[in-house]
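Shared between the two complexes below is chain A, which has chain B as its partner in the first and chain C in the second.
Right after this comes the complex of A and B.
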């Protein structure tokens, strides 16, 4: 009897549930509004087009959502912030503290980029736990462009802050002596491989965590529907995983922006060291010339 | 002195970030090195010399990158 019930539940989960279904030969995923529309209008070319581009549509929606709330918060700016302006200012202050905590006082310059990346990923991740919405960050085609944007931004910042010569010097491991210059070709290769590995690791981590979380939720939703069919009482067994989803969404957005900040800090600390070394050289030159300031 | 719970939570998330970085970086580094080596082998018909060299260099690069990230994070500003 028990075996029959389990078999029936499994069959229901496989064929009968709308909550979780297998995508064309892929992993199970949670039903979103576009997939739902496609089930309602299977012959519509427009809905088919939407379904094909659902990740792009959800990312655009996410960008519009963030822009709208920022516009709403900044619409009637007051010296003493209230309501949404207060929330947005708190968020931006928090992000600025976070960036400056790693980079230092110069970090404020990079807060807009890191903050945008954080918010964009966070909202995209959180959309996955909202019914009928979809998290575009569960697709590698979404996470890779974000990681590439970070990669190019870090490289361009390096060139802008250090100059082309300084950037190349940084790439070969900032050699100062003969041994350093002899090791430079090896360090250049190591550095280039490390730089190329960064966007891939950023993209894969985010994609893996978010898609894994969604597959887990979809499986438990399917099981919940199947169990509901057997015991005739709603069984939302995926519910605890929604909290896990909230936590994962935040942690992944945080880790992504944390690593972006670290990559910037690695370049800027080099600039700082370069400045210090340059300052020391200048100081030594001044001392040798006898122009040291007398206190 | 007792630590601020908010600060402690922030620190633990930061550490979680570092811990999440290590295995992925250690895995991706050799893969990138291997593919770069394979590309060079294909270009100069030297298979599999550069693939092996790339694999080893990729692993070394991954260790170096992980070390730099941890060092940067443990710096006190």
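Right after this comes the complex of A and C.
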């Protein structure tokens, strides 16, 4: 019964000018500008092409938006910043502080990557709240490449910073005594599975959160249009969920970049071990114990 | 034909039920995490920022499990 009413709501909304429409067999989603164009010109091949590649178009738009604002802010660089430059410097300083707070003072090197991931995901997520826009992160095909980029970046950073030997030593659980080396094959399997599960869980988390929020909003938009028959006015009952959307957008972008930073920090924590290899043995054992606990 | 009907009606009963169970336990876990974070913040208000960041990381990991169930449910709901 509930499904019938939702389907009915979505169908009713299809005749309205805004709100949700029901795709074949899928969950309802919010009407965006390209789907709207397709409704206006159903025969046009160009619009059909746009509709097929809407996620790519929206991500490219998002990248252009970010680049444009950064260019605008960095156009007249001054020692004492004004206007947009001020905002952008504040944002980047905040990101730098966030990364250095987790990785340590050497973290500035990784701020560009983590910051780009954060901004890209945040702007993409927020586009879902803007009318006639669509957030591309609600598709698995957008979030998986970002997660894979993070995966390869973390692995390559590990090899670059620790050396191939150090990286493999990390993969077998950093053994330094006989028992450690005996457990190494087991820990190798565990570590490899853990590393491979990370991109999948990152991608699924972002995709699930954003698309779930969109489906929720679309269903409430459909209900809002559906009750028009009763009270003669389309009711914006999805309004509270827009705030939920703002919150989810920020938290998911934050969590994605936080986890990226934590993965980097877990790999780089071995670096200090190599630095302090000449310290006394007591200290070293204590530190390696601490690191095993973190892992 | 009848088998397909039975399959669909079973799916439409148990799909929302599975989401409800997942939601219940995710809410319990989140409640535990947040209450511990609140306790910690009350004991040491100057560490509030750090505790908040750690809490959000933990909450994201807990929520991820519920989200996997949601993704699965959305994918399967096309079969009803």
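Going forward, the second predicted complex is superposed on the first by the 258 of 295 C-alpha atoms of A that agree within 3 Å, B and C clash if a C-alpha of one lies under 4 Å from a C-alpha of the other, contacts with A are read in each partner's own complex, and residues count from 1 in each chain.
Assume a contact is a pair of C-beta atoms (placed from the backbone, for glycine too) under 8 Å apart; a residue touches a chain by one contact, two chains touch by 3 or more.
Keep in mind that what you see is a predicted model, and the values were worked out from it rather than measured.
In the superposition on chain A, A:262 contacts both chain B and chain C.
Judged by the touch definition given at the top, the superposed model places A:249 against neither chain B nor chain C. Once the two structures are superposed, chain B and chain C can be ranked by residues of chain A touched, with B on top. In the superposition on chain A, A:104 makes contact with chain B only, while chain C stays out of contact range.
Of the two partner chains placed around the shared chain by superposition, chain C is the only one that A:215 touches, whereas chain B remains out of contact. In the overlay built on the shared chain, the residue A:204 is in contact with chain B and with chain C. In the superposition on chain A, the residues of chain A touched by chain B in one structure and by chain C in the other are 201, 204-205, 251, 254-255, 258-259, 262. Interface residues of chain B, counted against chain A in their complex, comprise 13-14, 16-17, 20-21, 24-25, 27-29, 31-33, 36, 54, 57-58, 60-62, 64-65, 68-69, 72-73, 75, 77.
On the side of chain C, the complex with chain A involves touching residues 12, 53, 56-57, 60, 63-64, 67-68, 70-71, 74, 77-78, 80. Across the complex, chain C is touched by residues 3, 25-27, 201, 204-205, 207-209, 211-212, 215, 251, 254-255, 258-259, 262 of chain A. Note for the complex: chain A touches chain B at residues 100-104, 186, 189-191, 193-194, 196-198, 200-201, 204-205, 251, 254-255, 258-259, 262, 265-266, 269.
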